[in-house]
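Structure below; questions to follow.
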Amino acid sequence: MSNGNASELDLVIINGKLVIPPDVTSSSIGVRGGKIAAIGTDLSGLAAKKTIDAKGNYILPGVVDPEAHLAVHRSLKDDFISETKAALAGGVTTWGLMLTSPTISREYKEFKDPEDSVPFSQVIPILQELGDANSMVDYFLTPLVATDAQVEEIPRLAEEFGATSFKYYLHLKRGRDTLGQWEPQRKVGIYGFDDGTVFIGMEHVGRLGPPCIVCIHPENWEIIRVMQARLISQGRKDNSAWDHRSPHFVEAMHVRQYAYLAKVTNCPLYIVHTTTQETVDEIIRARNEGVRVISETGYHYLALDHNVYKINVPLRDRATMKKLWAAMAKGDIDCVGSDHVNHGVPREKMEVKGDVWKTISGFSSRVEALLPVMLSEGVNKGRISLPRLVEVCCENPAKAFGLYPKKGLLRVGSDADLVLVDLKKKQKINKSMLFTTAGWSVFEGWEMTGWPYLVLLRGEVALEWNEKEQKANVVGKPRGRYLARKLGHAVYPLDA
Amino acid sequence: MSNGNASELDLVIINGKLVIPPDVTSSSIGVRGGKIAAIGTDLSGLAAKKTIDAKGNYILPGVVDPEAHLAVHRSLKDDFISETKAALAGGVTTWGLMLTSPTISREYKEFKDPEDSVPFSQVIPILQELGDANSMVDYFLTPLVATDAQVEEIPRLAEEFGATSFKYYLHLKRGRDTLGQWEPQRKVGIYGFDDGTVFIGMEHVGRLGPPCIVCIHPENWEIIRVMQARLISQGRKDNSAWDHRSPHFVEAMHVRQYAYLAKVTNCPLYIVHTTTQETVDEIIRARNEGVRVISETGYHYLALDHNVYKINVPLRDRATMKKLWAAMAKGDIDCVGSDHVNHGVPREKMEVKGDVWKTISGFSSRVEALLPVMLSEGVNKGRISLPRLVEVCCENPAKAFGLYPKKGLLRVGSDADLVLVDLKKKQKINKSMLFTTAGWSVFEGWEMTGWPYLVLLRGEVALEWNEKEQKANVVGKPRGRYLARKLGHAVYPLDA
Amino acid sequence: MSNGNASELDLVIINGKLVIPPDVTSSSIGVRGGKIAAIGTDLSGLAAKKTIDAKGNYILPGVVDPEAHLAVHRSLKDDFISETKAALAGGVTTWGLMLTSPTISREYKEFKDPEDSVPFSQVIPILQELGDANSMVDYFLTPLVATDAQVEEIPRLAEEFGATSFKYYLHLKRGRDTLGQWEPQRKVGIYGFDDGTVFIGMEHVGRLGPPCIVCIHPENWEIIRVMQARLISQGRKDNSAWDHRSPHFVEAMHVRQYAYLAKVTNCPLYIVHTTTQETVDEIIRARNEGVRVISETGYHYLALDHNVYKINVPLRDRATMKKLWAAMAKGDIDCVGSDHVNHGVPREKMEVKGDVWKTISGFSSRVEALLPVMLSEGVNKGRISLPRLVEVCCENPAKAFGLYPKKGLLRVGSDADLVLVDLKKKQKINKSMLFTTAGWSVFEGWEMTGWPYLVLLRGEVALEWNEKEQKANVVGKPRGRYLARKLGHAVYPLDA
Amino acid sequence: MSNGNASELDLVIINGKLVIPPDVTSSSIGVRGGKIAAIGTDLSGLAAKKTIDAKGNYILPGVVDPEAHLAVHRSLKDDFISETKAALAGGVTTWGLMLTSPTISREYKEFKDPEDSVPFSQVIPILQELGDANSMVDYFLTPLVATDAQVEEIPRLAEEFGATSFKYYLHLKRGRDTLGQWEPQRKVGIYGFDDGTVFIGMEHVGRLGPPCIVCIHPENWEIIRVMQARLISQGRKDNSAWDHRSPHFVEAMHVRQYAYLAKVTNCPLYIVHTTTQETVDEIIRARNEGVRVISETGYHYLALDHNVYKINVPLRDRATMKKLWAAMAKGDIDCVGSDHVNHGVPREKMEVKGDVWKTISGFSSRVEALLPVMLSEGVNKGRISLPRLVEVCCENPAKAFGLYPKKGLLRVGSDADLVLVDLKKKQKINKSMLFTTAGWSVFEGWEMTGWPYLVLLRGEVALEWNEKEQKANVVGKPRGRYLARKLGHAVYPLDA
């Protein structure tokens, strides 16, 4: 009946509910060689080295989180070691790292000189070496470009290193000229660039074609400096002042103007933070003009209002959060990201209560609550369906960054990155369960409904939360691999 | 290792290339109980009653052809018997029948009285009885509505009969008042309606929600009557005069105006014939306004120019055909239909050479060449990819009409409607291979590259073309079933 | 110093405030030969046969009312005799008559046969004869076309008779097929036409070029028949049901669809009744597409809400009225019309109190209150400025219909059609002051602020309201003249 | 007949053809107290101190040239003395001076320090003193703002000094950071600003309301630096490289992005150089969004192609020039400006033949040929009508800058700024006829048809070209006056 080892599966997961947009199928899933080898209503006839009973729980593809900022406050190696565990805990199996070139090095330092912006071709080998040795999840690089020299390297980066996505920190365009010395700027080493730099990059990306894409952080700090001065002079110090400092149009304006350049250069555009309806409106306008625009929002913009903390771009008010959920449900927002960063210090060392100006911006460890919050606030509160969650957290980011269908979906031939979710599990978030070395989460005390309890990376368990334990366990050694995208292929060629 | 019969497959197809948009996977596919039970790189471990070796050929989902007009010139029973075989030959396993109520009866007649437009609730049982007894393919009904009474029945039709799509012959809105007695009109029994009738139907559909949809044949014959009179007075008799009689704007204008009503009533709109760039432009405009518009074109509009034959809406010029292919590749045209009809007479009895006005419009048996033409003219000539063909011929029509994911894709749990395609096979189209009783095809003499050689309906072979034979063989008895869509479900609930 | 009689003025009006958009100039105005011969701060040096002291009151150009329906319920001659006096009282010196061909005849009758729709070329001589003998105001004809034969005559009508504007009663497109026998339809003799008829007319107008224009009454009665049946079945009989019978989109939809035909044919479009924001939105959309669209609203849509009376298109609610004023102030609505008609019977014979369905639609004598209402409700309530009133009541209608700058403004060389207005005069409207033979006004009892007290037609006093009298007096004999527009001239050539 | 001196005119011009858009009237025009006191077909009855016979020639309002750059290369006083004579020769009677604050001083210098950007309130009195003493034409100031301090002064400038228009040199936003030290930048003293500075200014202007307006020079030099480097590396040195250095989208992009800010701040926007179809398209888009946008082009962009000379923004190719004429005729471009500047040196000292990079940009004395070129290239070549010329050269600039109807048209009460034009006069442009101290014109050698031969400023002859002489003569002393606009009045209040 069976013809032996040749067809033997490494693993079969039975009694699962596979979330394959637009719906859910009761099915088993078989894994061999790290890939999904079979999907079937009954695979019990197939020999398998190991069987996992999903007990009717949902099986999702591993989350593809397109936005993580490692090596900002610590060495890249240290962040790889600790933060990729946090990523696993958040359901992430593929991590998009948005890094400046100087931060990719073996030792952490603060950067002071434009000379630190070395070519990415020089540092990607370091990234691969550190990542392949220390990362618990697969990862790809979105170079955070900042100089003409760096963007002129784009064709080589795409061809040689499979780096096909490139990000501009538009708020830092003028470097310190806008708001003076900004701490993170010194830490990551961006010294200012201009629209010429953006244009060169977009031109390269447009010519190279899919899967190349340009990502932008849209936020016009030249206008923000005016707002900030006004708010300070008014004596405002509350957290919501940070939202008012960066009014909606300041984000939307950048989308409008760079969507125009994208049109001129035939360059696809990825909006890293879509946090306002005005931005959504500009994205729709641009699409109507024929520009390919993909929009991401951070899950924190969906879950946290502007009274909670300080971050760039700012958290918004509750009315806006509602609109963002609706835009996501409707299809105007495509992707979710964590925007993860680790400051490496406790909350008390960052936050100055009652003074938003003195508080350090950007709460730590966003990735760890990614999937729980999306399940609890999104699916279980009826704002999006579970298949839609898989689209925005897995499928669409994989498509946007040239990894689909290798990553982002449940399909024979794809990587067996799997997340088993107990949609009814209730779990309060607390310090002791965190993997990030920052040691705190802005979500502490939230009781979530829905939790990922088993995460597999390419067919092998990487994280599991045993029923009686108080936290998840990371399983095994770092097995994460650098993901080189394939130039010339809008979709990742599985057979190649 | 295996647990015996419980997991035994009815059939396994090995060595296939599964076309699952956006790409192709080398895989086997297992069938049990008429459904796809397993997909795997190697399913040889699973017991199977029967094995088919695809020998590296492509496996597509069965074509979902949304537009067939049976019972226009013959009885519905007769057309079910012969024409569903033709459909199988064209790769079709799910057929959308667009029928007026009077034509659904046991005997064929010509209709002369508005009283013939009986309620659809009265005739759908007849349709089911005739179809379930005689159809070789699964089928669903899109009532061709024409009276207030019929559109007022829509909620009942959707709830009781799973008829959720409704079509208006907009060109016949004023009945015989526009162009006098039109032969097909007499045959199908449409006596004229008005925008009120359209409005009532759209209102019902908008309120009922997905998967309900309104389909339109957009073509303003009130303007055509002016054009026709001019062309006749100019002495034009060539086939292309038929195109000039119905200039592009006459089609696009209807899309614009009814997309407006669709917006007002929150009603999804399906454009049955998209044959001009102007129509595509209006569709894009409507989408930009937030109207859900799905666009179909007939494959004949892609393959045949306006010198070939007379049909409503007309074939267009070669420049327009090129634009339609581009619109399909780009995503602006979603679906392909056959617009099949069988006049039951040879070409000589329809065509008056050199006089388009005397020629009977609408060449017979369009369905039979559907997939071959799309493979040969589309895929093998590089105009669309094979995954895109599956989207426009299978996935999108299934989605549009509420049958996805039961129909239209290769996925565990879906119906095992499968088409095996030899993409390199060369085959000249000739009379002797046809199943339609019309006995002729406008494509006679065309040598196609790429041909479907095995068609399975719900897991069982329905048509096969043995290597040494000159034509395909229909296999087995009629097994086609009426497909009731599920009101309240945007996608077809597989588990229900 | 002076060279005698050659330069002597026939009349000089001193101490006036000339309303010349965008502002007002204190000035005198001299008339010679029926035309404005001089404007000056001090013309006292010029000899003048007669002097009128304006005493600081405003001088406006005579109102150009583009929409009057004479001969609907009485003979054209009778309406010319009485209703042009009413027009003068309303400040009108140029009247656009929108007439069907059968109503232009010496005797009044009701029309029953399509054969009554004789060519306009046959009846315009009658119109000229009756008008030149009996009209107190200058007048031009906008043929209300309704048959192919009539629209095929357009080039001849424009060239030979200077009839360059043409109107379609779109609500009556299908004649009695839509709502059965409609009384006014029988009276004016429109038996139904189709989009072919509209297309032919637009094609002619587009080819002929300025000042040719097509006017439409946009209101889709095919949908209205559905609404009407619902309201009746709900037992609604109040006046506002008439508004709900014709929801906003029913008007806007026609604008959208015929603006498309106008684009295709390069034909300027004049929207006779713009009564909803939705219509305004469609007008803006059409303009954005490059279609030349001019929009009119009736002043009654600005002043009367839907509880007041029944009329086609209906009066609207107060929120909509507010939007119409705003659209007029902003420039989205260009023109004001009276839509005058005279039923010849008292209100009691038309209105069935409490039953809108039995009430006869269309209150009488709209023209008589035109300028008073615009002054009182518009200017004195701060909704529009006096210069804007002159634009919408004089300048823009004159431009739209090819009469500018002969009519519609105060300028040397233009016809000396002048209206002196006391902007502070308070006057209650009552039956005894009316000139219409209908003998009643829907505005009875309204106290207006601002009133025209002297009207000159081509330099001669035509109506005056002496200070101590209770009503105005018509002065002199009928001097109105038929105005032939000049084909080939976007503006009326004064020197020709 | 006459009542003596009270009504006596200072001047009457008889036998003129008054160009009053949209047409032309044969008429006389009388002047008293510097204003137009009467217009009439025959004013011979009015006493007049002086009579001029126009002999059938056209009488235009004096040109309102909104864009002149004095004091760039010489002292403001010197430029006032010589260049306002050149303006008169070009038909200009009202000059819009666009000046930075440091250049308004008694002595000319080059500026090196940001401290030179003193408040405008400090220098406007100097401007008034110098201008009122030395200018041959009326003039108004459009401050060329460049610092936060300057834009924060806007409310005061508008209220106290009637300065209601403000210009941003967007190409110099980043000061010397973009292209290094740019010579004119050093000369006028702009050291770089940012979008915050623009935002503050727009916010003030939006709040102050009409006639306030923000003017922009749209040209993104950040992208130009990339283009320039490429062209230089390709060895390009020809004049057209200057066009390719600043591709169309670089101009249009600025319009798009600042039109967005204008929308956000409700600020009217004046596009100083509209030189591409792409820019026109953006202007139309912005208007469609409800932004008030007025567009100017320099007449040199209509007459000179990119092979002729180097200027910012660049001259374009002939196909583009044709589109600009069409946009002006159609109404998409509203105004014409001269962009006058005087380098004070002969062509040989500026131009390095064959090396566009070494040539000094900006040919001198543009104003002197303004009206002749518009008459010859525009009217006499049939590209625009004479009334349209008056709209774009007089009426629209006057409206845009809050001077209408005081300036820009022929109307009783307006300033008697008059230009008599012989539309058939042929005249070759040569050095000897020039008034500018630069002493050369890029139009030398062109034979023009149509020439202004008499210019009156507020009723008095300021320049005349006697029939037998080889050049025009300036008549009388400097009588130019500073024009303070009236805040709170969209149109200039003549009676105030």
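Chains: A, B, C and D, in written order; residue numbering restarts at 1 for each.
Here is the rule we use: a contact is a pair of C-beta atoms (placed from the backbone, for glycine too) under 8 Å apart; a residue touches a chain by one contact, two chains touch by 3 or more.
Note that the coordinates shown come from a computational prediction; the quantities given were computed from them, not determined experimentally.
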Interface of copies chain A and chain D: same or different residues on the two sides (over or under half shared)? same
Taking each chain's centre as the mean of its CA atoms, chain B sits from chain D at a distance in Å of 64
Chain-centre distance (mean CA atoms) for chain B and chain C, in whole Å, is 53
Every chain pair meeting the touch definition is listed as A-B, A-D, B-C, C-D
Contacts from chain A onto chain D in the complex sit at residues 174, 177-178, 194-196, 199-200, 220, 222-226, 249, 252-253, 256-257, 260-261, 264
So, in the complex, the side of chain C touching chain D is made of residues 1-3, 6-8, 18, 20, 22-23, 25-27, 30, 32, 35, 37-47, 284, 288, 404-405, 411-413, 490-491, 493-495
